[in-house]
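Take a look at the structures below.
Consider the two complexes below, in which subunit A is the common component and subunit B and subunit C are the respective partners.
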Partner chain A sequence: MSAGTLAAARQSGWGWLLPAIGLTLLLSALHLSTGARPTPLPVLFDALTAFDPANFDQRILLSLRLPRLCAALLSGAAIGVAGLLLQSLLRNPLAEPHILGLNAGASLAVVIATTLPAALQPVGLARPLLAALGGALVFSAVFALSSAGRLGLTMAKLTFCGIALSALASALVSAILILDQETLEAVRFWLVGDLAGASWREVNAALAPAALATSATLMIAPRLDAMALGDASATGLGVSVRTTRLIGLGAAALLSGAAVSMVGPIGFVGLIVPGLAFRLAGGRHLPALALSAIGGATLLIAADLMARSLIASHEIATGIMTALIGAPVFLAIVARRVK
Partner chain B sequence: MTAAAYRRFRLGPVSLRFHARRAALCIALTLLLIALAFAALVTGSGDAGLADALAFLTRPAETGHSIVGDIRAPRIAMALACGAMLGLSGAALQTLTRNGLADPGLLGVREGASLAVITLMLSSPSAPLLLRPLAGMAGGLIVALIAMVIARSLSRLRFILVGIGLSWFLSAVISMILVTADIDSVQAAMVWMAGSLSGTQPGMLPPAFACLFVGSSLLVLTMRSAEVSLLGETAAIGLGMRVVRFRMAAIAASVLMTAAAASCAGSLGFVGLLAPHLTRFLVGGGQAALLAGSAILGAGLVLLADTIGRTLFAPVQIPAGIVLSVLGVVLLCMLLWQRRNQI
Partner chain C sequence: MTAGTKVVDEAILEAHALYAGYGANTVLHDVSLLVPEQRLTVLAGPNGSGKSTFLSLLSRVLKPMRGAVLLDGRAMATLPTREIARKLGLLPQAPLVPEGISVYDLVSRGRYPHQGFLRQWSDADENAVEKALAATSLASLAGRAVDSLSGGQRQRAFIAMTLAQETPVILLDEPTTFLDLRYQNEVMDLISSLTHDHGRTVVAVLHDLNAAFQYADRIVFLKAGRIHTVVEDLEACTETLIGDVFETAVTRLTHPVTGKPAFLTIPSGKAAAA
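Let's turn to the complex of A and B:
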């Protein structure tokens, strides 16, 4: 690729895609090979082409590290896209699944379902859908409460309502967990956003909702560009604002539900990535969505790597790591953008 | 509000002006609080009832060791002290920031105090108990200063959002410390962190009440300035008030009391938000009524939440903090609804 075409690609917003994919692949390789028992990459190649059940290294890779990597990639991408959708649709740089109560609602739904008798436990596809439903319910309450009033949906009101209802949902989760020891055992690690428990079963279950939400997002991506001009201009350009917003918010709920069902409530990835991706993509939504997905995946893998290797012999939950990086970003946005 | 509703009380050189109906209401609330404390003293999962409580209250020296005297009484006293401190600091912060959404728990002060106390507990487990509130205060004060520097303004919503961001960051740091520290010392820290009053040690009572005394005296002394400061900074300066000095006193008092409550009882959220608003609703009136009412109602709220938490699902205990946040969020949503045209 010559310098001229590269510059042209940059201008159209797609130029950063290749470097981002390269970075993701590099980090994925690093993610697969680091751990308590370092495994060189050729082992992965062997495991995929000529699987040998007796080989210990190959089994570690296929049954522990690969599902963990896939869960991180898939949920990071889902959170990134959900964050961009929320920020564009609500025109609010602080909109993020964690802050707006989607994660807390999803956790509450999953925890309530876990207390049910074994026959009623959500298995397979039901788990991500249930998480999405819980997230959507809490988010609808946040949305309704913050849209009230003469000024409509302001940044401060939305953020504050999200924080308030998240606090309610997490207080209920703690109360349930204190009362029910078995549920506590079942969800303890999942609840702090720990990727260590990720397994193929959860990744497979989350694939279908994530794919559905992604196709819905791709469908409305061109309309998002028009909506960035304001509701009135978008309506003038022939975009049905209400339908687009409904589809977009539904997709965001599905995506964050899928992510929560895999890796637990991980915050702040959707705050850090989309703003950056949108700027790099030159303000166009289709490339920005692609960049957000890849960026979210990259950030989550990086956070997971740091969580596993920062302090030797101790594994920090990945959600703590993303909060450590994300809270300063939140502070920076608040200090700059909130009146 | 008419001048006729105020009475004057004179005793030698001391003269006090008070509002008859509000003073009567405050006294009634205090009596209610005493009744609640007595009810809390006789209920619980242990088999100690009315007779034991009466024996403890009338002849404390003779009863020796008992459930009422050794477990319930210190716990109730701690609940009262922490609740009063949190209610008072919430009232002070709401006046100071002129923002009804301010709550010491939302400003990161609590997490700052927790971080300092945990660091102290893990680095030198043998340090005396008395050092804990001091460390907590230092941590809380530093976080409050950082929040002020980042937000550059006290009276805007930005200050509160900055506080929330800081508290997220600090809780991530706390979790990281807890994960990496030695498991034996973490156990002690976890018990303390849970925000339950069940771990109350009688040794922590004197510092808690001392902090309550210092903080509330500071607030009572600056009561009139607080009233004036509600008119806005320009008007307050124009009326001859020393705004900076008042702010320093109010911040110091509320950080002192929040940090002391956090180091004694862990995280008890939303009391500072609930108590002043309940006071405005029930009692009304100026700063004097606000402070008195917030202290009484804050103490009552924490005591009620703790008693509900330890009796509702007995023998399992729900930490008072959880009961409080369920109550508090409902109120917060109502407040947001009320202010829907302003923010």
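Let's turn to the complex of A and C:
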């Protein structure tokens, strides 16, 4: 084997990155120009280079559509990366924020906070952090429950506990909302996962936690490659397995908290994208993380585009679209992988 | 019964009065051993004798309840895990194969302890991987997916990963279990070449007693969580010892080609006749 082929073997995994970025850019442009009032692309160009506050199209673009696109990109990427972290650290192809209770926990935390008096409402950075904390708490309960018992942690137990506690958290959310009409009005759309309400305020608040979690994830990427060989192998290679798992799960909670605070609980994006990304990346985590981020963003934009254009003059919530695509994928993975 | 330890001049790995267990259940009692450099030491014994647990302690995968493991004279519990990984490699019993990764990628993961946070892939890393691929005759398969290999090739790929780690000590947990006879041979030849051609110190848990006698430099027999006997002179090993360790009747033969002892079990109905 020549040095050239070996070098190629080491570089492999990055080949899908450029096409994926291209697709994201294309869909982003389409996303910006789609809406009740279609906007031609030159307007976008003008708005970015020579902004004219008097131009109505440009104002729609910058104050409504651009934040919606940024929220979709950021939360899609966050969900994609969180899904890959969960799947790798738990060695479970069904692991994703929605199924393991992170989304339901985050929603519950945000909804509880909404019922508090105005002075105690979480603002700015507090909102994504509160969502992350809620998600982390419910996930910890899922993890503890499914680790209990003689068999220890199994793929099926983790998944069932996640689904059960998600249902419990959602029931609590419903109970709060039935008692509190005002809160219901405020969060009704957000709760099914909706990008329509996204604004710069939420995007800005979510940036810092997402950036922190991303740096932590990049730092542990080489350790994830070692841990893919099993805990004992990773220990033999000098990886502190427990610390790495703690950092990775913490990052996953921050990422899904950031996403929920922006666009509400969006399911299945974190399930579909990471498995595919990992395979396209040849089983290496650094390219797989990049592909998961880009793939998550792309899928969420695509879902949002469909949500807005499937039924003319009506918007379906984005979370409903991702569930329509994601539920069959979930069932396919269950049929193939869970014994 | 001989004592569990024997003083060796160059012990690179030392176990001192180790106790280990899971929960309230103690699996190992007062196990001490000196592992000599550049030898193939085999840990053998019946199921549940504690040989794999002992290897887990030596490789720090399991923490001892009492006692200490010394690597190059320093207590392993006080050393950073990454520093240990530059001196001691481990091939566990059933490592996982990530979907779709290539042989080259798997072997290059052995370089993890030599890479820093910002340190990129170096010539030293590349050399180590190429040498490991050559030593395991896998260079021509470097681009293949690990999950498409035969059992023997796959095990060789994992041994290559451990080789690329470039540690003076290598621990192997039942490296030939689940392999066909031919692949068992292939893997055992490779393991013995690690000590004799590459100067590594190897400790391996082996289930196959006869493979142990053909390849090992010394055999440590464990029974019921204690060291039963350390056999330095394999030729002198008797039927009585093996019969006692495994609690079954055996007869001793001499391998016609290698001249080393081999043991065959005797069906219980025929035991009296023997």
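Just so it is clear, the second predicted complex is superposed on the first by the 328 of 339 C-alpha atoms of A that agree within 3 Å, B and C clash if a C-alpha of one lies under 4 Å from a C-alpha of the other, contacts with A are read in each partner's own complex, and residues count from 1 in each chain.
Rule of thumb we're sticking to: a residue touches a chain if its C-beta (ideal position, glycine included) is under 8 Å from a C-beta of that chain, and two chains touch if they have at least 3 such contacts.
None of the values given here were measured: they were computed from a predicted structure.
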- [ ] Quick one: classify A:239 as touching subunit B (first), subunit C (second), both or neither.
- [x] second
Open item on the list: With both complexes overlaid on chain A, does A:222 touch subunit B (first), subunit C (second), both or neither?
Closed with: second
Open item on the list: Just checking: does A:91 make contact with subunit B only, subunit C only, both, or neither of them? Give me first, second, both or neither.
Closed with: second
- [ ] State whether A:230 touches subunit B only (first), subunit C only (second), both chains, or neither.
- [x] second
Open item on the list: In the overlaid three-chain picture, which partner chain does A:331 touch, first (subunit B) or second (subunit C), both, or neither?
Closed with: first
Open item on the list: Which partner chains sit in contact with A:167 here, subunit B, subunit C, both or neither? Use first/second/both/neither.
Closed with: first
- [ ] Would you sort A:323 into first (subunit B), second (subunit C), both or neither based on which partner it touches?
- [x] first
Open item on the list: Taking the superposition on A as described, I'd like to know which of subunit B and subunit C A:283 touches: first, second, both or neither.
Closed with: second
Open item on the list: Looking only at contacts as defined up top, I'd like to know whether subunit B or subunit C touches more of subunit A.
Closed with: B
Task: Intersection of the subunit A residues that touch subunit B with those that touch subunit C - done: none
Task: Sites on subunit C touched by subunit A in the complex - done: 56, 59-61, 81-86, 88-102, 104-106, 108-110, 112-113, 115, 117, 121, 126, 129-130, 133, 139-140, 142-143, 162, 165, 171
- [ ] Mind listing the subunit A positions that touch subunit B in their complex?
- [x] 145-146, 148-151, 154, 156-157, 159-161, 163-165, 167-168, 171-172, 174-175, 178-179, 192, 267, 311, 314-317, 320-321, 323-324, 326-328, 330-331, 334-335, 338-339
Task: Touching residues (chain side subunit B, partner subunit A) in the complex - done: 101, 150-152, 156-158, 160-162, 164-166, 168-169, 171-173, 175-176, 179-180, 269, 313, 316-319, 322, 325-326, 328-330, 332-333, 336-337, 339-343
- [ ] Would you tell me which residues of subunit A are touching subunit C in their complex?
- [x] 1, 5-6, 9-10, 12, 91, 219, 222-223, 225-226, 228-233, 235-240, 278-279, 282-284
